[in-house]
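First subunit A sits with subunit B, and in the next complex the same chain sits with subunit C.
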Partner chain A sequence: MAHICGPEVVKYACHCGLLRSISQLYFCRHCSKVRCSFCVCHEVDSIFCGKCSENIPSAEARVKKNRCSNCLVCPSCQQELWPRVAATKTSANPDEPKQVVKKMHYLLCQFCRWSSRDVGIPDQSSVTGFPDRENVYANRLQEVLDAYKAVVLAQKQAKENEKKKQRKKYLSYTDITGVTAAALRKRIGLPADRTHPLLKNKPKKPDNAVAVEEVDDLPEELFTEPVNLLEVTSVDQRLLYPEAQPVKMDKLFPVHKQLSIKRSLRCRACEHNVSKPEYNPNSVKFKIPLFAYYHIPDIRIVTVEPLRAGQTSELIIKFTNPTQHQTVVSFLEIALDEPEEPEIKEVEETMDSLNIQEKQHASLPSMTSTSQPSSLLSLGSHRQPMITIKPRQIFQTLNSTVEIPTSTFILPPRDDAAEFDDSGDTHNIQDDPKLVKWRKSNKAFIRLSVTPQEGLELKTEIVCGFAMKHLYTNTIFTQQPQKYEHKVKVFLTLGNLVGSE
Partner chain B sequence: MPIYEASTEKLTVVLDIGAAFTKFGFSGEFSPRSIFRSEVYCKKTKKTRRIIDFETPEDLYDLLVEFIHKVYFKYALLSPKDRPIIVVESLLCPTLFRETLAKVLFVHYEVSTMLVLPSHLVAASSLPAETALVVDIGYKEGVVIPICYGMPIVQAWQALPIGSEAIHNNLRSLLTSNNTNIQNVTEKVIEDIKVKCCFVTKKYRAEQLGSSKPEITACPDVKYPLGGSDTIIVPGKCRERTFEVLYEEDNDHLCLSTMILDAILKVDMDLRQQLAENMLLIGGTTMIPGFKSRLKEELAKQLELDRYKTLKIQKFKFHTLPCKENYAAWLGAAIYGATELINMNGLSRENYLKDSHLPDWIDLKDTNRSL
Partner chain C sequence: MSRNNIKILPGALVCDESKLRGDITIGAGTIIHPCVNINAEAGPIIIGDSCLIEEQVSITHRLPFDQQEKENTPVMIIGSHNVFEVDCTVEAAKIGNSNVFEAKCYVGPRVTVSNGCTIGAGCRLTEEQILKENITVFGADCQMREAIDVPAKQTLQMDTLMKMLPNYHHIKKPNKKTDAFIKQI
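Moving on, here comes the complex of A and B:
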């Protein structure tokens, strides 16, 4: 959508104070606020391989270390590798003249012509059967890891024992008589060993690391032999395989392709999704698309007169109503210092009523099954509340003023059929002719006057801003559409200042 | 342990954010999943920006938000919310950086627990060694901190701005005599030349090549192709002398070898020989061929001087890591992370939000236990 909405000359202020173009914003219908990618909570929705477009469940991806088991990447240029078929003729029995043609595969990079034959990987009979390398230190490190686990576990148990000892108030029988616990257990016929199972099989301590005095010397031929740059790997090639980090080209091995994800976005304030993609990796559609582009009037600059310092120029902008409901747009003076106010009063009231409705919905299951608490509700309480980030101040300086019109105008609902209807404008809308220049279906062309500040230097980029108030119809609750006024700050980059006549 | 716990066990991200490269992986694994540059792409200016080049604290916050997003959604493929994270940091990490990182992780990404581990200490754990002299040479600086019986001796710390940044600058200035326009070459190209052509030479060769009339011939020149049409000529002398910036004493008579010996001087007399026999080199710069043998030569030479006569060290011994040097600290943290330690010592979100502060060894509030 970037090519439709770009270049980014019209920017909307997100609730968190960042300026974005309308294509990068979301609109949460539940709390009626504009959100951007910075102030929503990102979540991993589905994992897939970008080459074979296969969905991989998260548990499987975890086992495969977030890499596709089928697709491989060129270790030299990081492009995808393609299997090539090489037919080799092998006779199964030397007596028989008939030869069996066997299909063998090797890997080839279509970009840098690296092939698995270059580094001596034998051809494989199956496309996916290329061998992986193992960490040479794995055994040693596992020993070390087990030892550390045991140490920390012992520490933890010591701490818990300490707590138990403090709790003990009464002298035990064994303390008075001097009979040990083990002896007592033997007498009453219990098995003697009662140590904790985790303590019992203590892993053996790994051998101490040995430091050596001798170090590898530089090979003498380094001083005399010329370097072939094609044989030495670069840093990026080395880091593609962190375990081995091969220095020479002939040690490169193909790497499994890193998987990709689809993200779903969640509003931090009300925990509703604002964007959720479809599960299929081939699909570019969304299950939940609460993009601001579908809810907030789109503003585009049509024309602007040459801008001169201190002189008023005419600015024509186009408003488009993307919703199925009629809306009324009015202009307000912009106030940059004040942070985004929580909500206007009218909205608060409607929001309160929304909350009550929500509460009723939530309490319904518990009313039907009074004997046991609803599992849904108890699950909800486990979730930790999201932390809302304080909105920051809008970082944008304005160097021109817009004369704020007092009158308002109406934007009719979007009607896809009207695009093909040439019968003309049949809306009987009483417009202020000073404000509305022309209108067609759900679009209106609005005339504003802009005055750049005095004393600005030539070629200064002129930015103006105003607050747009529009009537928003919320259709999320089917009983009756809620109508309230939504306010958003808009910034227009109008171009550079030109000289006087 | 119940069986179902194995499947619901939370994956713990282990992150080592370096000045040049970030090491990322999961706890309990023996190599990082990926190592990538610590930089983010800025959409507004269409440029890649390194994290260390931040301008203001707010700028750092935004950069880290973008960077952690990349870590989780490009590499980890996990939602960060309500999951633990382990962060490896140097003991000399600036307060602003660690506090901002904690704020990003707890407030923006809402991680459940954060465990911060000191890089020098955990690096020794993969050996395992309780006592080691850990020399970490990264991008910005080289830091030496002795570890004695599992305890970092912070008062003996030594740091010098000798990392790969200094090496790159040195290489660039060495190349200027043979090549015009070298100042405009990006640092990535300089880094590539360093990695592909340069090495740490022997001490006598370095001294000879440094003099006006060398008696030896330098190693062959290399023609490095640049951008398809240009070539950079890398002279042999330059290939051998690139790393001299680590070993040449600066105006304060400090260099890599004196830094190590000064650190040993500052610890207790009984521990000195033990530390010298447990040297551990970590950080990407120490992977250059010839680094260890040259360091040994230099240390032996320094010991003969009056400055270090009191040390009475006979020999130096070096540990060989069970991994590559550049992710040694990460590996140690991954081993720590596989234990129960994160549940015992980690900082939970509730505790962080109480006073918005990450405990630090330098802060009396966090370290004073007797009161």
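Moving on, here comes the complex of A and C:
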């Protein structure tokens, strides 16, 4: 979506003081606030392979080191490798003249034409049967890994023992009777000590790595032969396979494709989801798409007169209403010094009303609309206390002033059919002609006047800002849409200052 | 160079909507799609046998500025079995056999292409260089590697095009007999 909204000249202020373009923001309907990517929790929803579109459980993914076991990528250019069929004729019986055509496969990169034959991997009869390269240091790595696991376990055990000791303040049953746990276990025929199996047979401590003092000399030909860059691997190619880090091209080997994740985003203030993808890896849709682009009027710069220091220029911006509800937009003076009013109070009020409504809602399961996120209902009963998010100051210098219009304007709801309807606009909207230049369906072109500050140097980038107040219709609960005014600070980068005539 | 002198050998398929300017010889079995732009402004262009030249391709015989003063007119020679994919721009004066110019690539006039090379989609080769045999250029920063064999021939695709194209496009008639062409050489 970035290319639709780019270049990023219009930025909206998040509560936390960061400025983002509308395509990078989320809108939490429960707190009625814009949220940037730092104000939401990122959670891994599902893990999948981007090539074979298969979902992989997270435990399995961990075992496979987050790589797909079926798909391979090109070691030369990191694109996906595709199996190619190469029919080879082999006679099953040397006496018989009839030849059997056997299907063999090799891997080919369509992008850089690297093939598994390049490095001498024999053709395979099955598509998935390509061998993995043995890691020379696999044993050593496993040893070290086991040792670390044992350390972790020992630490855990120590912590638990500590807890037990603290509990010893109270008399235990065994203390009174004088029968220890070990003795009890012995009596009923169990081994006396009950330590973790991993702890009991301690893995042998890996040998310490030894630094070698004398290093072999570099090969002679390194100094005498000219470098053939076609034979040397690039840094990217080496780091793709960290275990071996091949130096020469002929040592490259196909690498298993790294898995991708789908993530869901949760508002940090109220713990509701603002984005949740569909589980199916083939789907690019969302179960919960609370993107700001769908809820907040989109502002784009249409034209701006040449900007001169101290002189007023006309600025025309376009407002688009993305929602299905009519909205009223008005402008307010931007106040950068005073941060926004603390959020928590306002949210608490809305949350209270939400809770009541949710309870009502839960009692009427048949009323659950499909757009209603299921997690919302389940969360209702055991919601944790909200986190107070302190509003922070916005660090953006404004070097021009916008004359704030006193009148407001209406944005009709979005109508997808209107795009194909040439009959003209039927809404009879009484506009302030000084403010609204032109309008069509859910869009309005607004005229503002901008005055860059006096005494700015030439080619200074001019930034202006205003607060936009728009009527937002919340439809979380279909029974009674709530309407309230939502405020957001908007910053426009208008371009560079030009000479004074 | 004002007059067009297009020689089409028998077996070649040249769509009428292609823009051919200057002295151009088109070998047998070569397919030229509509909206192909071949411009022989600096000297004749000879295209070999069984080349596939797709839509929006621009092949221009243009000399670098420092070579324009030379007296003898150089000839741009394109070998056989070359594939020019959609919207590539090729100005290289010497092209061998079995090369693939992928979509939207650019090959400048100072480049010499040998045999079996692949210039990847969107790659731009502008500096003076000789591409060795079976070189593949790929990626955003034109990495190079050596392939083990020549790119696969597009025989199946070309057979289909030979049958399909005449059904939907006007075709320029071959105007040279094969033996006449040989004599000329």
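The rule is short, and it goes like this: the second predicted complex is superposed on the first by the 319 of 501 C-alpha atoms of A that agree within 3 Å, B and C clash if a C-alpha of one lies under 4 Å from a C-alpha of the other, contacts with A are read in each partner's own complex, and residues count from 1 in each chain.
Operating definition for what follows: a residue touches a chain if its C-beta (ideal position, glycine included) is under 8 Å from a C-beta of that chain, and two chains touch if they have at least 3 such contacts.
Just so you know, these numbers come straight off a predicted model, no measurement behind them.
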item	value
Touching partner for A:A269 - first (subunit B), second (subunit C), both, neither	neither
First, second, both or neither for A:S234, with subunit B first and subunit C second	both
Which superposed partner A:A467 touches (first subunit B, second subunit C, both, neither)	neither
Touched partner set for A:S76, first subunit B, second subunit C, both or neither	second
More subunit A residues in contact [subunit B versus subunit C]	B
Partner chain(s) touched by A:L336 [first = subunit B, second = subunit C, both, neither]	neither
Which of subunit B and subunit C A:P206 touches, first, second, both or neither	first
Contacts on subunit A seen with subunit B and repeated with subunit C across the two complexes	229, 234
Residues of subunit A that touch subunit B when the two form their complex	38, 41-44, 47, 58-59, 61-62, 65-66, 135, 137-138, 140-141, 144-145, 147-149, 151-153, 155-156, 159, 206, 208-213, 215-218, 222-227, 229, 232, 234-235, 239, 242-243, 245, 258-259, 261, 263, 384, 386-387, 389
Interfacial residue positions of subunit B with respect to subunit A in the complex	7, 11, 21, 23, 28, 30-36, 65, 69, 72-79, 81-82, 107-108, 110, 125-129, 191-192, 195-197, 199-202, 205, 219-220, 222, 224-225, 277-279, 287, 289-290, 292-293, 296, 315-320, 322-324, 326-327, 331, 335-336, 338-341, 344, 349, 353
Residues of subunit A touching subunit C in the complex	76-77, 111-115, 117-118, 229-230, 234, 249
Contact footprint of subunit A on subunit C as seen in their complex	118, 120, 135-136, 138-139, 143-148, 151
